[in-house]
Amino acid sequence: MTNERYERGWEKLLEVDGDGGQRVMDSLSDIAPDLGKYIIEFTFGDIYSREGLDLRQRELITIASLTTQGGCEAQLNVHINAGLNVGLTAGEIVEAIIQCAPYTGFPRVLNAVFEAKRIFKERHFI
Amino acid sequence: MTNERYERGWEKLLEVDGDGGQRVMDSLSDIAPDLGKYIIEFTFGDIYSREGLDLRQRELITIASLTTQGGCEAQLNVHINAGLNVGLTAGEIVEAIIQCAPYTGFPRVLNAVFEAKRIFKERHFI
Amino acid sequence: MTNERYERGWEKLLEVDGDGGQRVMDSLSDIAPDLGKYIIEFTFGDIYSREGLDLRQRELITIASLTTQGGCEAQLNVHINAGLNVGLTAGEIVEAIIQCAPYTGFPRVLNAVFEAKRIFKERHFI
Amino acid sequence: MTNERYERGWEKLLEVDGDGGQRVMDSLSDIAPDLGKYIIEFTFGDIYSREGLDLRQRELITIASLTTQGGCEAQLNVHINAGLNVGLTAGEIVEAIIQCAPYTGFPRVLNAVFEAKRIFKERHFI
Amino acid sequence: MTNERYERGWEKLLEVDGDGGQRVMDSLSDIAPDLGKYIIEFTFGDIYSREGLDLRQRELITIASLTTQGGCEAQLNVHINAGLNVGLTAGEIVEAIIQCAPYTGFPRVLNAVFEAKRIFKERHFI
Amino acid sequence: MTNERYERGWEKLLEVDGDGGQRVMDSLSDIAPDLGKYIIEFTFGDIYSREGLDLRQRELITIASLTTQGGCEAQLNVHINAGLNVGLTAGEIVEAIIQCAPYTGFPRVLNAVFEAKRIFKERHFI
């Protein structure tokens, strides 16, 4: 059953995460489809659809949060791509990760930077 | 011994953190003055002095990182005030904290929001 | 504007968290009322209203998650009380916290146990 | 040298973790055999042998703790299998992981769900 | 019921943690006495009684682990005192905390340093 | 542009981390060379060059911090090798990791021990 939040969230997911988001949803379909539904409705239908910050600001924040959380390389992959999708430059994304160094230390910053490097190589930026 | 990084960092610390930053430095003077020096030189002289992101973006990222790191209420206090100092609105700061909810969960988001509330009350915003 | 998820969530919040939950919502009303709304809708309207596990099992899991997350003493307070509200015994709650010791270490387990002790004293269990 | 705690723990390890537990012990034998001994004695001989919660409850708690701890996919593998061994259904295990979402965020929940998916596929559940 | 590990652990606890350790045990007696027993037996009877590192090295490691774990100020209090008890100087303890800065970031290092400061003031070192 | 801190740091990096450190720097050169520069200057030029603790003590602390931080297997690889480079024995390194078990739990300790095992095998220690 779809609903307004789901539809708004799905549209936002496609705008922000693109293929990466859809792949996460597909991979949940046979194990925990409701979890995918909550991510679409809550993360994208509720949070990303809020006013007050634009999508580039929201992705800077998400990348900082995932860098600091640690062990979230798969989600960083989705959101570094999402950052590029909504108009952040590769340089701004690396800059956001470096900004976390004084607060969470170099190891998690290195993990995030190397995830960015994998993506930038795939996209032939470097 | 001061040096260029220290001087640039100290100026940036005052611009960004204001009194809150100075109080942290003072409180380190009798226990670990070198630690204060590293924070000034590295965090402010190196990182905050970089180009590529403006100070409002850097504080959004720092607030997201501290919210996610957890147990950093004292540093959130400094950087929520810093966010206001560099031109973020109270609403944007709360928005940045809420943006972390899907990634780090509600408890750390609540801890950060209640720290913001203490500050906004002190400053008579609410 | 209320809606079905909100109403179901609010009812569930009162059933599970009781006064503690309402106090958290009240304390958010002047700083981030939408955050309170999301907690009611998502945590209680969506997650706690799911089938497949009963409320006692859900609170054992929540207490384990908060113990392990660390720095969430305020939320542990709400959910240790919630555990008692839904029929867990004081002994079962302590047992759930101790079960986390091999996985997250003694410090976070001690923090959680001392939060339980404060609550059990208030309720004159010990 | 074996002892009562070790023997009780080893028996419990086999009951709960089965082959997965034995493989962890084997892999420690040439690098840190005492660490394996402590896990058997403390985790299984002491903690899992306690009364007050049954093994299904203990595994729900362990899965919640490991999901929240983060970066513990290898241990989640052992304990998702352990949950099935002691009588949890695949659905209850997924439900326990989803219950952590409001407290630790979606990334760690996704990491745990995808570990569950790997196991359920190996076991031909999905 | 006491046993060899408990007796060895209790003796080691008194040697290492002194009054601080005994206070933790006392505070557990009415809520989770078994947890106190496990800490004595496992942490002190097993781990601290091992050969291969001396007590000063073990406390440097424990202080680094607690600093990095975060939200463990009460346990840092016990182990900064323990470090002094086993012969570390105040300077070495601060040095160990500062050594964690590149790996876990400044906020957790500041939290640990300020805990050290409280202790050094109580002991009239500063 | 090199400088005194950079030169001192680079020399220290080579002394401590050897090839592993140089490989990290190389891998940063096309994505975030400044991050490499900060690691050299701050971590090695500032922190590792301090007096008060010797390099073996500093590596014990770093290994404990990385074990506890979690999700830092790549950095543990560098610093377990570094520990061997500065004169720690394989036994002392394993001992340092085991010492963290009561504070951060078995899963992160197991992750670190298995990283040590990979290195000790490569070096034909086991």
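Labels for the chains are A, B, C, D, E and F, by order of writing; each one numbers its residues from 1.
Everything that follows uses one rule, which is that a residue touches a chain if its C-beta (ideal position, glycine included) is under 8 Å from a C-beta of that chain, and two chains touch if they have at least 3 such contacts.
Keep in mind the model is a prediction, meaning the values are calculated, not measured.
Student: Could you tell me which chains are in contact with chain C and with chain D alike?
Tutor: A, B, E, F
Student: Same or different for chain A and chain C, when you check if over half of the residue numbers at their contact belong to both copies?
Tutor: Mostly the same residues.
Student: Select the chain at the greatest separation from chain E, using centres from the mean of Cα atoms.
Tutor: It is A whose centre lies farthest from that of chain E.
Student: Can you check which chain pair, A-E or A-F, has more C-beta pairs in contact?
Tutor: A-F
Student: Relative to chain D, which chain's C-alpha centre is the most remote?
Tutor: If we average the C-alpha coordinates per chain, B ends up farthest from chain D.
Student: Between chain C and chain F, what is the gap in Å from one C-alpha centre to the other?
Tutor: 39
Student: Quick check: how many Å separate the C-alpha centres of chain C and chain E?
Tutor: Taking the average C-alpha coordinate of chain C and of chain E, the gap between them is 30 Å.
Student: Would you please write down the residue numbers of chain F that are in contact with two or more other chains?
Tutor: If we look for residues of chain F contacting two or more partner chains, we find 34, 38-39, 42-43, 47, 50, 66, 69-72, 75, 98, 101-107.
Student: Between the chains shown, work out who touches whom and classify the graph as line, ring, star, complete or other.
Tutor: complete
Student: Under the definition above, what is the set of chain E residues touching chain D in their complex?
Tutor: Per the touch definition, chain E meets chain D at residues 34, 38, 42, 46-47, 50.
Student: Along chain F, where are the residues that touch chain D in the complex?
Tutor: On the chain F side, the touching residues are 70-71, 94, 97-98, 101, 105-111, 113-114, 116-117, 120, 126.
Student: Which of the residues in chain A come into contact with chain D in the complex?
Tutor: 24, 27-28, 30-32, 34-35, 38-39, 43, 66, 69-72, 74-75
Student: In the complex, go through chain E and note every residue touching chain A.
Tutor: 101-107
Student: Within the complex, which stretch of chain B touches chain A?
Tutor: 39, 42-43, 47, 50, 52-53, 57-58, 60-62, 64-69, 72, 75, 91-92, 95-96, 98-104
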